[in-house]
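Notes to accompany the following structure.
Chain lettering (A, B, C, D, E and F) follows the sequence in which the chains are written, and residue indices restart at 1 in each chain.
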Amino acid sequence: MRNDQRDNNELRSITIIPDFVKHPEGSVLIQAGGTKVICNASIEDKVPPFMRGQKKGWITAEYAMLPRATNQRNIRESSKGKVSGRTMEIQRLIGRALRSVVDLDQIGERTVWVDCDVIQADGGTRTASITGAFVAVVLAFGKLIADNKIEKMPVSDFLSAISVGVLSDGTEVLDLNYGEDSEAHVDMNVVMTGAGEFVEIQGTGEEATFTNSQLQAMLGLANEGMLKINTIQKEILGELADKIGETKISREDL
Amino acid sequence: MRNDQRDNNELRSITIIPDFVKHPEGSVLIQAGGTKVICNASIEDKVPPFMRGQKKGWITAEYAMLPRATNQRNIRESSKGKVSGRTMEIQRLIGRALRSVVDLDQIGERTVWVDCDVIQADGGTRTASITGAFVAVVLAFGKLIADNKIEKMPVSDFLSAISVGVLSDGTEVLDLNYGEDSEAHVDMNVVMTGAGEFVEIQGTGEEATFTNSQLQAMLGLANEGMLKINTIQKEILGELADKIGETKISREDL
Amino acid sequence: MRNDQRDNNELRSITIIPDFVKHPEGSVLIQAGGTKVICNASIEDKVPPFMRGQKKGWITAEYAMLPRATNQRNIRESSKGKVSGRTMEIQRLIGRALRSVVDLDQIGERTVWVDCDVIQADGGTRTASITGAFVAVVLAFGKLIADNKIEKMPVSDFLSAISVGVLSDGTEVLDLNYGEDSEAHVDMNVVMTGAGEFVEIQGTGEEATFTNSQLQAMLGLANEGMLKINTIQKEILGELADKIGETKISREDL
Amino acid sequence: MRNDQRDNNELRSITIIPDFVKHPEGSVLIQAGGTKVICNASIEDKVPPFMRGQKKGWITAEYAMLPRATNQRNIRESSKGKVSGRTMEIQRLIGRALRSVVDLDQIGERTVWVDCDVIQADGGTRTASITGAFVAVVLAFGKLIADNKIEKMPVSDFLSAISVGVLSDGTEVLDLNYGEDSEAHVDMNVVMTGAGEFVEIQGTGEEATFTNSQLQAMLGLANEGMLKINTIQKEILGELADKIGETKISREDL
Amino acid sequence: MRNDQRDNNELRSITIIPDFVKHPEGSVLIQAGGTKVICNASIEDKVPPFMRGQKKGWITAEYAMLPRATNQRNIRESSKGKVSGRTMEIQRLIGRALRSVVDLDQIGERTVWVDCDVIQADGGTRTASITGAFVAVVLAFGKLIADNKIEKMPVSDFLSAISVGVLSDGTEVLDLNYGEDSEAHVDMNVVMTGAGEFVEIQGTGEEATFTNSQLQAMLGLANEGMLKINTIQKEILGELADKIGETKISREDL
Amino acid sequence: MRNDQRDNNELRSITIIPDFVKHPEGSVLIQAGGTKVICNASIEDKVPPFMRGQKKGWITAEYAMLPRATNQRNIRESSKGKVSGRTMEIQRLIGRALRSVVDLDQIGERTVWVDCDVIQADGGTRTASITGAFVAVVLAFGKLIADNKIEKMPVSDFLSAISVGVLSDGTEVLDLNYGEDSEAHVDMNVVMTGAGEFVEIQGTGEEATFTNSQLQAMLGLANEGMLKINTIQKEILGELADKIGETKISREDL
């Protein structure tokens, strides 16, 4: 039995509140069980220096936790004067994931800044960030369309993320909470498209290893979970959801 | 007429939601008009090195804004690797203000970490932070009492803060929103106790000056506002409010 | 009786030595009792990026103490790699105060860098810095006029600063030295114009509070002190003093 | 055809030179095609503060590239004053991987510092680092055994890492060089034990996605490559290789 | 002819004002021509961690310039968040030089912090710093003797420093001012004891070279200058000067 | 007898391996006894901002040690977030030395980045760096000539460096190894041209002093050593060696 009585393939309850903060072009609060993340997408009308003059845009992400998002207070990264390795890994992951479904050629020389700020943490903060950030980014693009700054939704498919893992008793489970995550032998984060393809797989056995059949079992659970998450995202996005997929991203060299 | 139709002595609507984040000993979300701040009070069972062995506690505060709390996205201070002068000024002010009504001798060798994180800004973020942080700190002390770690509420009086100012047409007003703050000739932050005494007065004429009679008019408005804010704090604190004032802070040398 | 036998409304002896360092456009050493501050004003023929193209100038201030300006040696801020909150608060205050009496439109796209370096500290370093920096800035503008770079003195009025406070026995006093400052219940810094208007008021009761009548008593003392300081500034400035006030700063929206 | 005429399942030539630097307890130079990494393992007789008193050891890794290890010179991270996100990700990965096959309980309160310094880069620097670091760490433990500081080899199994990917024409390949890596649609790093279990899988489709059958094809290639790498490691380690596996790591909760 | 009409072997006028700042145990203002440096020596009753328990003391030096000590304003190193290479070189030089004539065994577990702060620069700031710092350190030791904390002056000999160089016309000169330093082909700083032995020689031909006979000519000039500087130091130190040399430093291994 | 049986005027064995790393324009591994340094010279087709538009080039050097180049592991400077004073001194020295024999006017608006990375240290790392860097720089210029980017070798003379010192028994010796360096009373680094002129002399008596006759003895040893080093450099450079000296550097003002 899981520590919160869920079935092995059962997600925690997910709520996405759109327009949570008034200033950003796209903003949501995503709650997944006890994990709460504010995801803001800001549009800036210029690109970083290394991309100037290419007539395409850029998406970058930042991630942070409030000091007391966790059970024990963490020192603020601004006070330490530097960003931790864990934070850097997560924000690079979020940015990479979002770029895989956005056609940067269509958004012009604009930067989308995605800010994921965890206000309460209970496991799965990076996957909730990706799931929520996707909605915030689509909302922001919706605003650009409404303002006649771009013509169509530059997003090729839905995108969501979920964690899977192997608990200490050998059970594969979906969507680990903090208690499960702390004792799991294997922890895997999976980012997938609406079409069920992988964008990113990161599986780690900290002081443990895993076999290919365990890998397959975990990927199966991730797939199940992702279908449900996509449905929730669709509902929140309403009409904007229908515009997703109008854009196909083709790599010239493919 | 003010830009949001308020009277000159009228506060914006204030809401304080207790227990907003689950982990901290004390936590509130305070909303004052369009300004929203999460105030968390965390109790740590030790004091900073410079206070060890004195059998008394310490209160310190940190303040930050989410990058998109404002209309234009700000660079995250953790990315810049340093905290701005404005942030430092505000967090020093919050800590000083709270220490003026807390008897540090009664809390033992503990540190109260107060984190004020602005998730949406519309003027008055530092005063809302103080007003909300006071409630969070009392909630945290309430938990220490409930856990039999301290005996009585170590708080001598209510504490709240509000801004007043002189608009460009010469009118003195209470509780400036962002639009007013931007064009005001004088901006003053006042921190007061429930008994109506001053804890801190910071009045600034940026590219302007002010007279003693303008000062008096502003202090009168602040006093009016503070009475209303105290009532709201009292309501949220319920029974804990009655314990405030059991403690008298006396300076030996007085 | 005060610890140095002064009357409650008595300033410490103030000396201002002009042209103390040879390179800066304006330079003074100000001594106020045991407090000694070198105030240098440097003119740079460009403005910071955020002000370019506006055809107006900028004034910014930096403040520091030599490591052994105080009784106990402080770690050098360059060694720590960051500027303390206290330093930032003070340099922001000095800059703001000077900008209130200088017409930035008249100085062209130039930056006035004001450096206040405390070589010996005995209380009141920030107020001595403002009083001395005002003289250094006027001297620097005098040089710009002599060099035919600007036509008239872009300064609307005299500017000076002084501390007032409430000692532990309840007495209000003017110009606290270090010993008084350490034990005072209320510490207030007042910046005023020659016309007697307030530019900035910062009053703090660290672990104490104060009433409106105490506030009025302190402001009265500040006013008395400021008249004497203005006289000293006038003497040092000689003919340049007469040019102050030729400029009126008007805020268009007033 | 691959850009260097290799078969899709063909490794580049790998050479491991033991005792490359004289001071460290374990040191190798690993060359994998044009990639050259110095891997040093240093034993320190204490553990970091967060592990003191637990009677177990710690392994941590650092990774860096010489500025001109790459075709274009990179700014030195010590000059920038901070370590990049990429570097942090890699050094966290190396440390995690090594900890999965080392029994920290057996090494006493010691820290193994693993330094992987890339002197020439041509793709696959992080996987070469893990493969070489494993050998350096076993050499260092061999020295501890020879010095009678520990009794048996605290390593449960061989450990190596390799990259696999999907090129732009859809082919799955083993051990990508820099040219291949730059244009690949999918890049995956796999860390495996001698027994063929996964320690870490990190697969990324930058601006592309991949299917489960592509994943399986890549994992098959990784498995093939790993067998050959283990043979090379065994040869270099000589008698020490036979001691690997004497230790079984058991998680109590399993 | 030199740019200030001095003879080639002529020092600029040197003045040393003792007790310039009131707090430090030893303090002087040294003026050498247009160069003015405040040298403070502070005694701290503990040593840095790496020297604890050795029953001996330590001397360390820091050096800085006020931003406008030079003709063009420099950015404050505390604002830049780091100390420049030039500053580091100079402060290491000052510390090393002073340690060569002080018997650290005699001062107990104390640290002498030497702060050299240049308030006006006109060439030779590092040599003036050493010359002045020596006097400040002897004054500080004098205070330790007066306070019965140490018994005798722990200083084996006088110490002073001067610059010499080769101008662009090939002339060797003593004590270069800023104008000479800027155009010199060779710049050499020499630190010597009262007995005429070298403590440190640093000669540099920036975009030029020099011969052994030029070296000898420069060292001859340095020797001449040093004798005059020692006389000035002696005068300022009065009775304390007589105590210098009571201590002989012997290296056990010699 | 020296600790490694060398005569007092005997160099350690020196090997210079050209083209050690494949990417840089010039690259060598220099081994001098147990000291091994990779010296890479990279050509960048632009100059730093302060030199733009002057139609001349720039040479700058960086120096680092791998953490375990020494007997005890050092903390990586990128982890500490800053470069040590020792590192800064050395890299400034290397850059200055190289600039003394290179005609910057001839290389156009290009920067030569010299990276000296010590992979194993046994005394004399800074002098080995200069000796090796000179060869790497000539190789890089050779490549510029071969690519028709410059016409002739912009190098006026050979350049090499060596350490000399006075051991604790009073003997003057050439080329100190780590053991000798640790106990020496005087340590001197000498940089000379092929013509036997000095570029830089840095002699230091740490807790000791030295006389002029000791200085002369040391300079004599340095001169002897330099002749042998030049021969080794010549051999490695082959035909390029003949081009050295075609360029004469003249200072206009000479």
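As a working rule, a contact is a pair of C-beta atoms (placed from the backbone, for glycine too) under 8 Å apart; a residue touches a chain by one contact, two chains touch by 3 or more.
Keep in mind it's a predicted model, so treat the numbers as computed, not measured.
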item: From subunit A, the most remote chain by mean C-alpha position; value: E
item: Chain whose mean Cα position lies farthest from subunit F; value: B
item: For subunit B placed onto subunit D, the superposition rotation in degrees, Cα atoms, nearest 5; value: 120
item: CA centroid of subunit B to CA centroid of subunit F, Å; value: 60
item: Mean-CA-position distance for subunit C and subunit A (Å); value: 51
item: Multi-chain contact residues (two or more partners), subunit B; value: 81-82
item: Contact graph of the chains (line, ring, star, complete, other); value: ring
item: Order of the ring members, counted from subunit A so that subunit B is second; value: A, B, C, E, F, D
item: Contact set on subunit E toward subunit F in their complex; value: 82, 84-86, 88-89, 91-92, 96, 99-100, 168, 170, 183, 185, 188, 193, 195, 197-212, 215, 219, 249, 251, 253-254
item: Residue ranges of subunit C in contact with subunit E within the complex; value: 21-24, 27, 34, 38, 40, 42, 44, 62, 64, 66-71, 73, 76-83, 87, 113, 115, 117, 119-120
